[in-house]
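One structure follows; several queries about it will come next.
For clarity, chains are labelled A, B and C in written order, and residue numbers in each chain start from 1.
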Amino acid sequence: MTSAPLTSTAEPPASDPRAIDRAARWALLLLLASGLVWLAVGGVLALIHSIQLHTPGFLAASAWFTFGRTQAAAETALVYGWAANAGFAVALWLLGRLGGAPLRGLGLVKIGGAFWNLGVTLGVIGILAGDLTSFSLLQTPVYVQPLLLIAFAAVGTAGVLAWSGRRVGRTFAAQWYAVAALFAFPWIYSVAQAMLFALPVRGTMQAVVAAWAGQNVLSLWLGPLALAAAYYLVPKITGRTLAAYDLAAWGFGVLLVVGPWTGGRHLVGGPVPAWVPTVGIACSLLLLFHFMVVAINLRDALGNPTGSTALRFVALGVAAYILGGLVDAASAMRGIAEFVQFTYFAEAQTMLAILGGFTLPVFGAIYFLTPRVTGKAWGSDGLIKLHLGAAGLGLLLLVGGLAGAGVKQGLELNDAGTTFAAIFESVRPWLLVATAGVGLQLLGGVFLAVNLALQLQPDSDGAVVVPQPSAEPVP
Amino acid sequence: MNTSPANDPRREPAAISDDDLLAKHGQTVAEKAGAEDGARHGLLLIAAVFVFSGLVLASTIYLNRYSGHFNASIYNENGKPGGTAAAAPKALDPVALGKRQFQMACITCHQANGLGVPGAFPPLAGSDWANGNEERAIRIVLHGLGGEVKVGAAVFNGAMPSFGKVPGSGYNWRDDQIAAVLTYIRQEWGNQAGPVTPEQVTAIRTQEATRTKPWTAAELLAFGH
Amino acid sequence: MKNSPLFFVALFGALALSFGIVVLVSLRQLGQLDAYFDAGEGAAFPSRTPGLAARGLLVYRDLGCAACHTQQVRRPGFGADRERGWGERQSVARDYIYQTRVQLGQTRIGPDLTNFGERAAKAGTDQAKLFLNLFAGQGSMPAYPFLFEVRRIVGQPTKQALPVKSRAGYEVGPTRRAEALAAYLLSLKADFTYPEAQPLEPATEAKK
């Protein structure tokens, strides 16, 4: 990372973060608001799905909410609704900040964002109407996929422009991750669309493509977005330089080079040649290096000298991300996969990745960036802490409940004497715990919404202090 | 409010500016060469290289053990090429194959019980034409049989179609199919004649390569019983 | 990370490398898989799904049945698939070449369905029993009452009417979607053991 300033000797003039934030205000607020709406919708759908796991009769009378459709809809709303919008907002904001200049192409972001949300809305309604594609994490109906791709390209353009038009030559890890996420997704998604829907490949080849693309949605799109937020927030809030920053580039490189190969691990024992899952498993092991680098670099998040709650969100999120990586590698190996395959354990892993590894750092980023973008403080610090508690505990209950249910289910599935009715009875308590987890996380979202409403209130009381130049906080 | 804006937690205060963040991390690499904890830093890098090599080793061992030689036909991760239980296809049972051929074509006239239809189609059960000399039987199936023929006590005057590669034949059966159907007929319904081999069919087919007309009983009887 | 174009080229290269090896190589191996003609049976396998069953596959897809049911049998020794009677052999790629969208499934909240038709035939589960299960649900499987309709009895009750109580003069019967789905489920069988699906000879198993 040799410094290569644009001017030969002098440093460029200091950037004006406030101008950057002000310029991006409406685009980012649009994305954030859409994301929070989708978080609510996705949370409700996830709650319905979670209830249907232990109470199959819930809403079963309606074709719109039959189990298969609600699962796909919940996953789509959380990934393509919440995660996409929040990820866009966070990535664009920090690319703008680190790029040192107001974002260009914000009009494109607003239009792209609007069309993206239109596409996801049509997609979720389409899924509930039965047009789901049957491929995990790629469930959006075929007719909205091109719209999503184009909308993404529109929004991503602003991010790529912020990278290539940056004021300072040297870059920071957060920028690499954000740009990689914005660049990689269109390729992954268009390959999936071409090979699964436009010119479908034959038979189980579809499963191979879907596994490759679905895993990349998590490892190469959502993961990097969260890491971008984490890498930025940890030094920014603690004021300390990252511990082993030299390794950060290697961690990034290993994720990009090795990460996309891990999709095959979902096909263990399946109707594909044995080398496909083996390659996936071997690469999941190799990918542990990336998680190790992230752990070493971001361990200062645990220190938290300023008591910032946003940093606590980041710390919890990074811990969830690393745990996810370890669990993925361990459960991929055939000895363990034999027991946890086809169980709730896989759903636990997905939820850990989406609601833990991605959502928690992004919550931290949202708590950090929103006051800067709106120019106002959050309504209440207590609510932020409550949100942290609800989200953290909710994640623990959800992932723990599903994982416990999955392990129990897996052990009993491999015992031919146990009937499915018996399995259902024995995992029910765990599934109830998981539902409690989802409920808690929804509650956390309510805290965030209330806090945001308080923040966006017009200035009527003295609670929001108009900043004086001498008491300026660091932007 | 008693917290100044600088550390109001509701504003999530930052500790350094973006420019400083970029600058500090840009310097980390440059200063590692001569800084005070450069040695510790160097150790960390070496440790990272070791860990990475260890992971490469572990994943390569796993890949090597379970790759199935990257073969498209190996679905069991313990498999080696050519290791399936029946690498060669099972030998076909000529009687079963012949029975299917019979049910596809012959059954309409000669009936399932091999007794034919009196006055129209001759029986195969106990028939000398079917159980006797293979030369005649094979020729009948290859090129067909027309005109009067005495089977047992009855006389039939019909036209049996040809099943070999003859112009106007819709069938074009292979040697092993003709051999199979004859083998089936010669052991069914109480018939106890020996099987017919595909080689015998090939030989006769070559011998009669130019024949296109169906046989007559008189021509066939010349081949002996 | 200096040069913008180089960075993007490297990103694209990393993606393309994984795509090339994982996807394109498997495409070369599996993409042109064709039916296997067995001279002994005189037919090619896998057989295609017959008409109403093919429409039932669409119903299966749009209800998201793959969320609870897998359609892939693991090899004997890897889990209890054979002991549960789900299949004597591992599912291979050739079993799926005629499926327009493979429904391999993600979770086994319910049993594997690859050979459901065969199991149903052996157990005597006919269409009527299947309709009842779909209508009422069973254990962890929810009910699917929307696949059935209440209709007026004209003359005699239809043969397919479910034995459930309804208003006088009305019967509960399957919709076309239920009939298609039942036909599809009862047609599910992996009917042939391809050469690549044969079990391994013990001597050739690599030492564990």
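The working rule: a contact is a pair of C-beta atoms (placed from the backbone, for glycine too) under 8 Å apart; a residue touches a chain by one contact, two chains touch by 3 or more.
Given the structure is predicted, the values throughout are model-derived calculations rather than measurements.
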item: Minimum number of chain-to-chain touching steps separating chain B from chain C; value: 1
item: From chain C, the most remote chain by mean C-alpha position; value: A
item: Central chain (distance from its CA mean to the mean of all protein CA atoms); value: C
item: Computed distance of Cα centres, chain C from chain B, in Å; value: 22
item: Intercentroid distance (Cα basis), chain C paired with chain A, Å; value: 31
item: Centre-to-centre distance between chain B and chain A (centres being mean Cα positions), rounded to whole Å; value: 46
item: Numbers and ranges of chain B residues touching at least 2 other chains; value: 70, 72-76, 79
item: Of all residues in chain A, the ones touching two or more other chains; value: 1-2, 170-171, 271-273, 279, 334
item: Set of chain C residues in contact with two or more other chains; value: 29-30, 75, 90, 92-93
item: Complex contact set, residues of chain B against chain C; value: 65, 70, 72-76, 78-80, 82-87, 89-90, 92-93, 96-97, 100
item: Complex contacts: residues of chain A adjacent to chain C; value: 1-2, 4, 52-53, 56-57, 60-63, 66-69, 71-72, 130-134, 136, 163-164, 169-171, 175-176, 179-180, 183-184, 187-188, 191, 195, 200-209, 212, 216, 220, 249, 256-257, 259-261, 263-264, 269-273, 276, 279-280, 334, 338, 341-344, 346-347, 409, 413-416, 420-421, 423-424
item: Contact footprint of chain B on chain C as seen in their complex; value: 25, 29-30, 38-40, 42, 75, 90, 92-93, 195-201, 203-206, 208
item: Chain A residues touching chain B - in the complex, by the definition given at the top; value: 1-3, 11, 14-15, 17, 97-98, 100, 168, 170-173, 232, 235-239, 241-242, 244-247, 250, 254, 271-275, 277-279, 281-283, 285-286, 288-289, 292-293, 296, 306-310, 333-334, 367-368, 371, 377-381, 384, 462-463, 465, 467-468, 471-475
item: In the complex, chain C residues that touch chain A; value: 1-2, 4, 7-8, 10-12, 14-15, 17-19, 21-23, 26-27, 29-33, 61-68, 70, 72, 74-75, 78-80, 83-84, 90-111, 137, 139-146
